[in-house]
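By written order: A, B, C and D. Residues from 1 in each chain.
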Amino acid sequence: MDLVFVIIVEMLYAVASLVLISAGLAIVFGMMKIINLAHGEFMMMGGYVTITAVTLGANVFVAMLIIAPVVVGLIGLVVERLVIRHLYGRLVDTMLATWGLSLFFIGLATMIFGNTTTGISTPISGFTVGNYQVNGYNFFIILIAIVLLGLMYAVLKGTRLGLIARGAMQLPDMAAALGYSPERIYMATFFCGSALSGLAGAILAPLVGLVPTSGGAYIAKAFITVIAGGPSLITGLMASSGLFGFISQIFTFAVSPVMGEVALLVAAVVLLRLLPQGVTGKFFRGRL
Amino acid sequence: MASFWAKEVPATIIVAALLIWIMPMMIGTYTLTVLLIYGMLGFSLGLIWGFGGILCFGQAAFFGLGAYTYAIAAINIGDSTIPMLLAVLVPAAFAALLGAMMFYGRLTDVYLGVITLVVTLILFKFISSTAGPEYVIGKARLGGFNGIPGFQTLNVPGRPNDYIYGDPYFYFCAVLLLIVYLLVSWLLKSSFGRVAVGIRENEVRVALMGYDVSARKTVLFAIGAAIAGLAGGLFANWGEIVTPNLFSLGQSAEIIIWCIVGGLGTRIGPIVGAAGLAYLKFLLGQQSMIDNTLLTGIILVLFVLFLPKGLVPAIASLWRISFGQRRQLPRHGARRIRSGGARHG
Amino acid sequence: MSINRRHFLASAAAATGAIMLPRAVMAADTIKLGSVLDVSGIFDAYGKPMDMAMRLAVSQINAAGGLLGKQVEVVGYDTQSDMALYSQYAQQLVREDKVDVVHGGILSASREAIRQTLHKNKTLYFYNVLYEGGVCDRNIFINGVTPAQQAEALVPYAMGKSGKKVYIVAADYNYGQITARWLQKFVADNGGETVGVDFFPLDVSDFGSTIAKIQTAGADLVIAPLVGGAHLSFFRQWAAAGMKDRIALASTTMGVGNEHKVLTAEEGNGIMVAYNYSQELDTPENAAFKEAWVAAGGDAGGMHELAVSNYHGVLTWAEGVRIAGTLERDAVVEALETGVSITGPGGKVTVDPKTHHAVLDVHLMEVENQGMRVVETLPQRQPIDTQAVCDLGANPDDNTQYEIQI
Amino acid sequence: MAEIVLETAGLTMRFGGVVATDNVDFKLRAGELRCLIGPNGAGKSTFFKCVTGLLTPTGGQVFMRGHETTGWNPRQVAALGVGIKTQVPNLMDGLDVHENIWMAARRFLPMQDAMRKASEVIERLALGPIARTELGRLAHGERQRVELGLVVAGDPWLVLLDEPAAGMSADDVERMSDIIREMTRTAAVVIVEHDMQFIRSIASTVTVFHQGAVLMEDHVDRVMADPTVRNVYLGKKA
């Protein structure tokens, strides 16, 4: 019974972490039809910002929830102004340019922080469930993922900004017709996306050993999750994260972690073959 | 077609012969050999991406598959001839299956990218986790992360003890690349090649003409994989070890960068891009002031921003502006650069 | 940064030399030591200090008058964590630079990528890294510890401090697989039981489910030969789940790249390890080494097991050359095969003539406040695993990496 | 009576709750020229897409020269020898006019014959001066003409055109009607069109669609005179 509880927690955690690592990419892709392949490096930078802030004496939660997203968001803004904005509408070119950026940031981080693994310890201690010890931080991540999804929903559904953003998603000219500069909407979107990537990196930092190449481990998963989710931002994110998190954890427990990863990938291939437009391309159409 | 055999083939052979003669005086043949192999690998993606419009994020999968196929077969067979053939055929067959799955499923651009990327990841993860003694094919241990060393390297067919290595191996690879280049040139001149370009330009139109687009893309994809597999087999012979890194995303990324930098839609561009960047990496390894990853990243970003068509087309248009027929400048100056007449008869 | 620039100037000079000058001009008035290491890319946490240690050893040799009256010149290449570059640079070292010895290689794959090239070209090769054991080749000398050397010491100690039921979580590649087998053997030999073995690819960084599995199995002790940055997450998540006080933890790899300095004191304290080197070793050689390291511009806490191994390797080679009185490969090999010893920061290191591996001191240690406190020193452990399969005295032409059957 | 080359029986297409094409029976004989007209949303374009295979109908059947082609994809339909032009111009922009037309001819002819055929089509459509110009650089009218060239080059026995005259100048429209009349010598032609001027100039039989169904079918002059049609279609327009 305790084991079942532990497995459920691990499963929820797997889903939540997929939501976290994919959210930034999903926003940028959903709104701007841009695949940001430097997404993983944005997460990596979020991690480094957190660690640096904590060593400089900041409270760990402030560092994770405020400093890291803001700093990474600003970096994203610079990237958008310098590189991305020249490439709107050129999907493949943006992928290549952001790929280049990802290499650039890896190199930069290596020069600044060196390649030695760094990290901070988890701010929440573990606790006991029957005969098991569970990582308390898992609950924090699950909570953050739920809050994040709720917030995204509220912003998109309830605010003027969300309305404009949804309009821009449907028809890029829509916003312009309403008198908003699409350029500024894209800037804002890219800032938000980058900030979310930074947040995800920051929150996962205490769980992993951080190196400049850490981002590579996330980008493939995030990319797959977002594409498999399909056109609906929030529903798609939840559906594909739920599906992949569930499948990979089942195989991880039943067989081995490798099989968990492979199962996730195989599921992605099968899913895309059956639903080439992603889950929400077929089901839950028109949802957010 | 006539001018192809009468002019282009002899001209290509002469230029290639000159290069094969001159290059070893400047760069060691061992390094040159791997540059040629990378050139062939870049060429394979240049063919399917530049002429077929198929952006494959997993060309490294076919490269690695070719290398592993060679290594495993060579350990089991002990003579290099059949393994070399298998290194071409296995990736081609794999690509045909994968391609059929994707193209008959009408997957395009990003979705195609995801699937090829994911398949590469699966192969990488699988091969990396085969360190245990239970992963054996015939006499060959897969070896996991450490790869497979110590297999039979290239020998004169039927004589397993007469190795082809060192300088002769360089000439072997050079001639092979030349042959592949000519075959692909011929393919692009043929109806198949032109229809492939048509598919790149407008898939729907070509289907509306009654061509089987899915089948044609699958075949082209398989041809690209066969060339990548050949490069993989050659690489295995060169390095005398194969490791899962051959399948890595980093490797795939490099191939794409080679094509972008060299120039898509040209035949020579990806070869030049591959050899040039690989040599640059080799030179950079001899210094340690600037981080090499950082530099590669900057190069890619700058190319996408300022030279999205790549080096070879840029140089060609510069050449045309400087030495071309001035009278036609207004019309031709802004024209898309053509692939050395590849799309003409 | 100043270090980097100095390295750059030195290696750039060497590089331009190699490219620009005709071969005849490069007269053999210096001894050339070739080095191939990952000084950038994902393995540079290992490679950078190794490079530093190698250069330190060479400069000390030169400062003491060089070898055979000549200065030693380093020809170093950065392989950028790319296996293909190992092959290329090995060829470059052998054909263009014509070096007298090659030190380097970090991963086993990188060693295998260059070993045959150096063997064919009769260029002496030193591989100075802790590895899975079994390489049997008269052209190579290896002075890292092997699994049996570690496991033989670590297992009884760790079991004595915890209990009989052992769970093994290992990196999924040759080193991890082979180490796991040795661990199982020594667990059984010491009357224990292995209740589970899990292997993880090097990029797995999520261990939550594994931690649950370990608890289900009811283990008393976890031994974790995990490798690299991603795997460091295990130790972190282990602590985060509050497991540290419930189940004892030991490792044969944690710390070789100074990972224990990344973990906080609370996360790392109490992890049991067994290596040849610890910064906390209280010997005059280690004190001198640390002082020289800092004097050469190195980070005071930057030296680690692999760096020290590389340092030992250069010293061992130099000793062999001195005894042989020549750089000629066969003479140097024969000199080394007399059982040459040096005493370095990690203690006395002796060449085992039969296997070309090292007989060395293994220190049992516990991580304490980001350091490794030496609990017990087991002097001069034989590389028993490789000795079981390799006898270069009897088969001097052997050239294989054996997989040792236990 | 000439052979029936195209026939639909009860052809129906539903999108969710909306019935775009409702139980349409349609017959076309060899050599016939037929225009499909109707107000926006009348279902003529949906009908066209179901016939060409761009959409799979939810009910009913399509026959071409007696073969059932229901649910075929456009490639299979085209491979039968049916020439199709979609509403949005579909051309290979990076290739020149000759290459475009050659490719269409090559589908049914050997290499050299296709070359000859391409030259012949170019001459027939008066595309000679722009034969070596890339499609991406051509004006709209020229592009429409080239697309007709692609259709002609395959020597089709059935031609399906969706708004071939859209956005063309008066000169271009006139030339277009000549080409289409020329086509009818060897093929049956179906045209979806808004431009009544154009329809008159080619003087065809007209099928009027209204609310997914066929309202009437007659010669263009009589259709234009019909009060019901005027009411649903022309009346609105005026």
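Note that a contact is a pair of C-beta atoms (placed from the backbone, for glycine too) under 8 Å apart; a residue touches a chain by one contact, two chains touch by 3 or more.
Keep in mind the model is a prediction, meaning the values are calculated, not measured.
A.B. asks: In this assembly, which chains make contact with chain B and also with chain C?
C.D. replies: Per touch definition, common to chain B and chain C: A.
A.B. asks: Would you identify the chain whose Cα-based centre sits farthest away from the centre of chain C?
C.D. replies: D
A.B. asks: Where the centres are mean C-alpha positions, what is the separation of chain A from chain B, in Å?
C.D. replies: 33
A.B. asks: Counting only Cα atoms for the centres, state how far chain A is from chain C in Å.
C.D. replies: Each chain's C-alpha centroid was found; their separation is 37 Å.
A.B. asks: What is the distance in Å between the mean C-alpha positions of chain A and chain D?
C.D. replies: Chain A and chain D have C-alpha centres separated by 48 Å.
A.B. asks: Report the inter-chain centroid distance for chain B and chain D in whole angstrom, where each centroid is the mean of the CA atoms.
C.D. replies: 42
A.B. asks: Indicate the residues of chain C shared as contacts by at least two other chains.
C.D. replies: 40-41, 172, 199, 201
A.B. asks: Which residues does chain A have that touch at least 2 chains other than itself?
C.D. replies: Only 110, 258, 261 qualify.
A.B. asks: Can you list every residue of chain B that touches 2 or more other chains, as numbers and ranges?
C.D. replies: 125, 129, 291-293
A.B. asks: Every pair of chains that touch: which are they?
C.D. replies: The complete list of chain pairs in contact reads A-B, A-C, B-C, B-D.
A.B. asks: What residues on chain C touch chain B, complex-wise?
C.D. replies: Checking each residue of chain C against chain B gives 4-5, 7-8, 11-12, 14-15, 18, 39-41, 77-80, 82-85, 87-89, 91-92, 95-96, 107-109, 112-113, 115-117, 172-174, 176-177, 199, 201-202, 400-401, 403.
A.B. asks: Where on chain D does chain B make contact in their complex?
C.D. replies: Chain D reaches chain B through residues 73-75, 78-81, 84-86, 90-95, 99-100, 102-104, 106-108, 111, 114-115, 134, 136-137, 150, 154.
A.B. asks: Spell out the part of chain A that touches chain C in their complex, as residue ranges.
C.D. replies: Where chain A meets chain C, its residues are 3, 6-7, 10, 13-14, 17, 110, 114-122, 124-128, 131-138, 206-211, 213-214, 217, 249, 252-253, 256-258, 260-261.
A.B. asks: What residues on chain A touch chain B, complex-wise?
C.D. replies: 35, 83, 86-87, 91-93, 95-97, 99-108, 110-111, 216, 220, 223-224, 227-228, 258, 261-262, 265-266, 268-269, 272-273, 276
A.B. asks: Can you name the residues of chain C that touch chain A in the complex?
C.D. replies: 40-45, 48, 172, 198-201, 203-213, 215-216, 229-233, 236-237, 239-243, 246, 257-259, 262-264, 266-267
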